[in-house]
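The data blocks that follow each hold one structure.
In what follows, subunit A forms one complex with subunit B and a second complex with subunit C.
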Partner chain A sequence: MTGTSGLIWLACVIAMSLLLRPIGRRVPIAQIQHACTGMSLGGAFGYSIAIATIYLMWWLYFVKELIFFQWFVQGVIGLGIAGYLFRLAGQHFGTDSSRKMFRQMPVTAALGIIIIIGYAIMSIFADWLAPYGQAEIFAKVNVLPGGNPDLGGDPAHLLGTDQIGRDLLSRLIYGGQNTVGIAFITTCLAFLIGTFFGFLAAALGGWFDQALSRIVDMLMSIPQLIFALLLMTIASAWAGSEKWLLTIYMVLIIAVLDATRVFRLSRAVGMNIVVMDFFEAAKLRGENMSYLIFKEILPNAFAPLLAEFGLRFCFVFLTIASLSFLGVGIQPPLADWGTMVKDLAQFINFAVFSPLTAALPLMAAGAIALLTVAVNFVVDWMLHRASGLRE
Partner chain B sequence: MTNTKPLLKIRDLQIDGISDETRSRIINKVSLDLYPGEVLGLIGESGAGKSTLGLAGMGFTRDGCEIVGGSIEFDGIDLVNSPLEKRRRLLGSRIAYVAQSAAASFNPSHKIMYQHTEAPVFHRKFSRIDAETDAINLYRRLRLPQPEMIGFRYPHQLSGGQLQRAMTAMAMSCRPDLIIFDEPTTALDVTTQIEVLSAIRDIVEQFSTAAIYITHDLAVVAQMADRIKVLLRGDEVEENTTRSMLKSPRESYTKSLWAVRSFERKQKPPAKTGATPVISLKNVTAAYAKNDPVVRDVSFDIHAGRTVAVVGESGSGKSTTARCITGLLPPLTGSISFDGTALPPDYRQRSNEQLRQMQMIYQMADTALNPRKKIGEIIGRPVEFYLGLTGREKRQRVEELLAQIELEPTEFIDRYPAEISGGQKQRIGIARALAAEPKFIICDEVTSALDQLVAEGILRLLTDLQDKMQLSFMLITHDLSTVRAIADEVVVMKDGIVVESGPKNDMFTPPHHAYTDLLLSSVPNMDPDWLDNLLASRGADNIGDAAIEKMNKN
Partner chain C sequence: MGILSIIIKRLGLGVLTLFLVSIIIFLAVNMLPGDFAQALLGQAATPEAVAAIRADLGLDRPIANRYFDWLVGAARGDFGTSFAQANFSAYVGENSSSNYGSVATQLAPRFANTVFLASVTAVIAIPISLAIGILAALYRYSIFDRVANVSTLTSISSPEFFVAYILILVLAVLNPLLPSLSNIFDGMSFAERLEKTLLPALTLTLVVTAHMMRMTRAAIINLLASPYIEMARLKGLSPFRVIVVHALPNALAPIINVVALNLAYLITGVVVVEVVFVYPGIGQLFVDSVKIRDIPVVQACCMVFASAYILLNLLADIMAILSNPRLRIPK
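This part shows the complex of A and B:
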């Protein structure tokens, strides 16, 4: 779209926002009349933009080159319906408490859960689901996605192939296994380390807390990605030619760096619990430290920690993708979304001439984005539940 | 008064509370009339719907509440159906609200004066300058110290009683026709309470403002209200003028409320001279920060089967003394001995046997029970920990304990603390202490968070248990009626020092130490003339903070 047509669009939107209210007041439906009477000009402008956007999306949906947009719209609508049905199913089956949980669940959370389950299935059954192997190389390189031979696609490679002829759909599926699996393990490790020391610091207090907290402050004061990059460079020297060893180092490094954030949270949550009378009662009973941490603090800190787990998982996941993008993360030939974005990144330059080509790196990026959004939907819901429970 | 039009007219009001998919009726067809210049007292236990009804008087309901029927009319204006904008013009200017906790209701980051003048300026009643002059005038009438200066302080620089009076001044800022007081003195000490009460009553009379006064304390409402309405679980029990209500309550529920205050156990004979006390404090001095002792040179004994009440207002060192005994705060000097043998100062150095003998019951049952554990686990843990019982034996013992605290074992053993009422939680706290089979129990304000009827039940339970098991209690409280009910000996503390101690009966008969006298005289009576008589005999300067200041000077 050129500059002039953009201006015409803007003019149309402004004209519409001026006309919206007087027209709305003459519509013979009471609710619309009522809404239009109380509407400000800014509100009318917002509605006009929304109408224009919907029109634009309608138009884009039928552009042949933008098959991805079509998929995107279908995906959003499909997932929305799936989420709704999933929630509906949950409301009618299961125990009383699970049914109640589903009744109070927003659709976004149901959607998030469905997406996460989908990712989990995809990662676990990657070997069966992927049409080809992750390192398998085909003769056709740079096949465009869409599977439409008229537009440079190939029905055998639904999402196309990369520069050296690897099937992108297969790599996307295997990439999920690698990226999501490693991120999950790393987050669990970070939580084990972080919560244990966090609760210990909260329960013991004094110099132990001070020493630990200052060390954590020190680690947190260095920008995380740069620090991780530095450590990974050192680790790659240690690992030498053993590529799998580097992955383990990466897991450990990210786990320790992220454990600092978990430490902060669990220490803060723990501090609020150790001042409670029931904790004092347990202390005065003569209970040992492990009982205090695991039986008194942990059950009460579970809700905020679970929410943090979801969020932390996203960050770990993005860090791994970033490290892979920078070339020190998961090593080829293992597929991983970060590396895929990096490898295909230059195609983004072709967006003006061929939107389909530009979509190549965006698929992996979209996979990352979708999971992040889904996890956040679920986390929001859990946080809401946790805050409601505390009252 | 009946020939004038009522200022506030509520008819058949029904309010529902919606929580967790279930609807419950909070207010069930309650009607009330409030005439100009009249004070109506609303009383009832917690959950009776007092606050909900009070707020409904402003046409407001809390989140999760909904008016489903009836009408609310303020000076001819329908508060249920009129638009928000119209109601907003009334709130603050013609109807004002004074909340229970002034400390939590003031914005901590603005000065008092700024918050005071907000409403009059917003409603265009006064200019900012006029509102400030008026505020100083109101502060003077409410007998706040340094009325010219006090408005320019931040809320945290004022005491609780001063804040509550500043809040009343703020409610008065637009000269409203109606003020709703929601338990304005519940969170205050007795000595401070009386000062706030007399200030509120004065100012309401001076401006002949109508008021709804919500409280659960009968003696307080007797001083404040012209008429009293009793509520029970959303239903109106009865309504009458204060005097006839106090003299001849009609309904049995009202009578039971009135009777609570008469529970009193006979004082036990003093322990034999030479008997070894269960707990003995000798010259205990303790501090949180060095060189600033909170408790100084405290000594007293607690004998087997006796209840010693430690009395004093907040900050007097009662709870600190208890922390010394439990070993959470090792004293700087002095010693604490149990059955004649000295205890290690730090609880970590005490043996499990020593820890077992001494248990504690807390003020806030909500925070004293782990919300993620079932009742059976909460009580079962000390049984398992100290007595080594597991499996069926443990469960049997837990059931015995539940029966002992008068709760049905099978019904409660698998519930979580959130699923039982406040009084039941407090009973679980008692059962947890009993589970260790101790000799000595510290009761830290165990009844102050409870309604009077429930509190009385707890006190009766404690005394029964004491008689059965020869327990010794240390009863920390600021409520002298609790002391009168169950104590054998009394220790009065002020600023970390024991000012007077001795048997209960001596304590309640003169001559007293000046501070004990102030404490005793500050406890409201059911007599509606009590406050007038007290003010007449002592004068407005000799009550509350002012009296304590004088005492400190001498």
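This part shows the complex of A and C:
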């Protein structure tokens, strides 16, 4: 769009915002009349912008070159409907409490839950779902996605193949298994370390607490990705030519770095619990430390830790994807989404000739984004529920 | 306790943190198997060659001496010699005085580039996020607020490279408005430089704006629950006036804090974004050196990133103390 047409758009929006209220008052529907009477000029301007945006999107939807936009809109609408139906189903089946939970659930959270379940199924059953092996090489290279031979596709490779002829659908599914699986293991490890030391620090107090807290402060004062990259340099020297060892080092490094954040939270939550009477009573009964931590503190700290687990998983997942994207994370021949984005990124420059080529790197990047967005939607809802806020 | 002494104490703590961080970085690198000389020359090196390099770099001295030499050098901006462009006296003779290959000469121009990228991002992101945050607080729980909430949550949770490639696809490839590669070099005019920086800056803006907007909204909504806001509202002031004249000045402290913290967050984001756009900044240098294990450069970049991070956090802390009298009394 050039500058002039932009100005025309702006003029139309301003004119519409001036005319919206007088016209609205004459519409013979009581609700619209009522809304337009109480509306401020700013509100009218906002609605005009919204109408203009929707019109623009409608127009863009039918532009042939912007096939991605079409997919995006179809995806959003499809997922929205799926989330709505899932919530509707939850409202009518199950126990009373689960039905109540679904009634208060926003559509975004329902959508997030569906996506997470989908990813979990895909990762667990990757061996059955993937049509080919993750490192299997075929004769046809650079097949475009879509499976339509006229557009450079191939029905045998639904999402196409990469530069050396590996099937992208299989790579994407196995990549999910590797990336999500490794991120999940790392998060669990971070939680084991973080909550154990956090609760221990809260329960013991004194110099133990002080020493651990100062060490954690120090580790947290270096930006995480930077610290991870520094440690990965060293780890890669230790691992030498044994690439699988590097993946294990990466899991350990990220788990320790993320455990510092978990430690902070679980110590703070634990601190509030150890001053309670029931904890004092258990202590006076002479219970040992593991009973105190697992039977007294843990059950009471479960809700905030669960929300933190979701957030932490997102951060770990993004860190691993970023490290792999930068070339120091999960190592080939294992398929993973970050490396796939890096390897296929150059195709984006050929989108002028065929928009489908740009889909190659975006599929893996989109897969990463979709999962983190879904987890964030669910966590947002859980935090909202935990804080007891009602709208 | 006077406010000055509190700030001096905070500054002292900041310097202490920086010192400890420098120890961590130095020690971490010394955990490498073998040492610099071995890593540089590889497995097949003769013991004599390794010993020569070791003596040249002073690696045969005790670790504490080396640390303090490095620290004093780093404080003066001299981070030693890069491995990749090493120019040892063992190779080129004792009195070669060229400083080609020193880490500082590599670092300085790239540091300037990164600061330029960060400032362009800040100039775009701060006004936008404050405006959206205030509007979302003003029309909270409306459709506008929900749309803003969902879209910022989406952009926070997407990885930086996803946002970057979408922007490249839309703004550089399908509609060639901006260049997708940021090949910046010396002697470029400001306008050219700005044009090449705009796409990475926009990517970072999208990521940072979401954080800042959410925190601004939360800060203002927090304030709206206080009695004096209720009073202003009951007086019959318009919602806009209540927020801009009554709430905003008091929300300024948390907002300044948010801005400083997000600039600190930019530091991590900059690494990935610079790699995507091949922007010649310090993040790109860092990743390249990590890949070829150029230890002195990795150390120096780490130190620069960590210092910027600590300084910005310190700044946020001091701003918070200055603007909120309640923080001036120690617990």
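We adopt the following convention: the second predicted complex is superposed on the first by the 336 of 391 C-alpha atoms of A that agree within 3 Å, B and C clash if a C-alpha of one lies under 4 Å from a C-alpha of the other, contacts with A are read in each partner's own complex, and residues count from 1 in each chain.
The rule is simple: a residue touches a chain if its C-beta (ideal position, glycine included) is under 8 Å from a C-beta of that chain, and two chains touch if they have at least 3 such contacts.
Here the structure is a predicted model, which means the values were calculated and not measured.
Visitor: Is A:V328 touching anything from subunit B or subunit C once the two structures are fitted on A? First, second, both or neither.
Guide: second
Visitor: Does subunit A have more residues touched by subunit B or by subunit C?
Guide: Subunit A has more residues touched by C than by the other partner.
Visitor: Going by the contact rule set out at the top, does A:E242 touch subunit B (first), subunit C (second), both, or neither?
Guide: neither
Visitor: For A:E287 in the superposed arrangement: first (subunit B), second (subunit C), both or neither?
Guide: It touches subunit B, and subunit C stays clear.
Visitor: Regarding the shared-chain residue A:N300, is it in contact with subunit B (first), subunit C (second), both, or neither?
Guide: first
Visitor: Based on the superposed arrangement, let me know which partner A:K100 touches: subunit B (first), subunit C (second), both, or neither?
Guide: The answer is first: A:K100 touches subunit B but not subunit C.
Visitor: Indicate the residue numbers of subunit A shared between its subunit B interface and its subunit C interface, in ascending order.
Guide: Looking at subunit A, the two contact sets are disjoint.
Visitor: Which of the residues in subunit C end up touching subunit A in this complex?
Guide: Interface residues on the subunit C side: 17, 20-21, 24-25, 28-29, 31-33, 39, 139, 141, 143-144, 150, 153-154, 156-162, 165-166, 168-169, 173-174, 180, 240, 264, 267-268, 271-272, 275-276, 286-287, 290-291, 293, 295, 298, 301-302, 305-306, 309-310, 313.
Visitor: Which stretch or stretches of subunit B touch subunit A in the complex?
Guide: Of all residues in subunit B, those touching subunit A are 21, 326-328, 347, 350, 352, 355, 360, 362, 364, 367-373, 381-382, 385-386, 432, 436.
Visitor: Can you tell me which positions in subunit A touch subunit B when the two form their complex?
Guide: By the definition above, subunit A touches subunit B via 100, 103-104, 276-278, 280-287, 296, 299-300, 302.
Visitor: In their complex, what parts of subunit A are in touch with subunit C?
Guide: Listed in rising order, the residues are 42, 46, 50, 65-66, 68, 108, 217-219, 221-227, 229-234, 236-238, 314, 318, 321-322, 325-328, 341, 345, 348-349, 351-352, 355, 358, 361-362, 365-366, 368-369, 372-373, 375-377, 380, 391.
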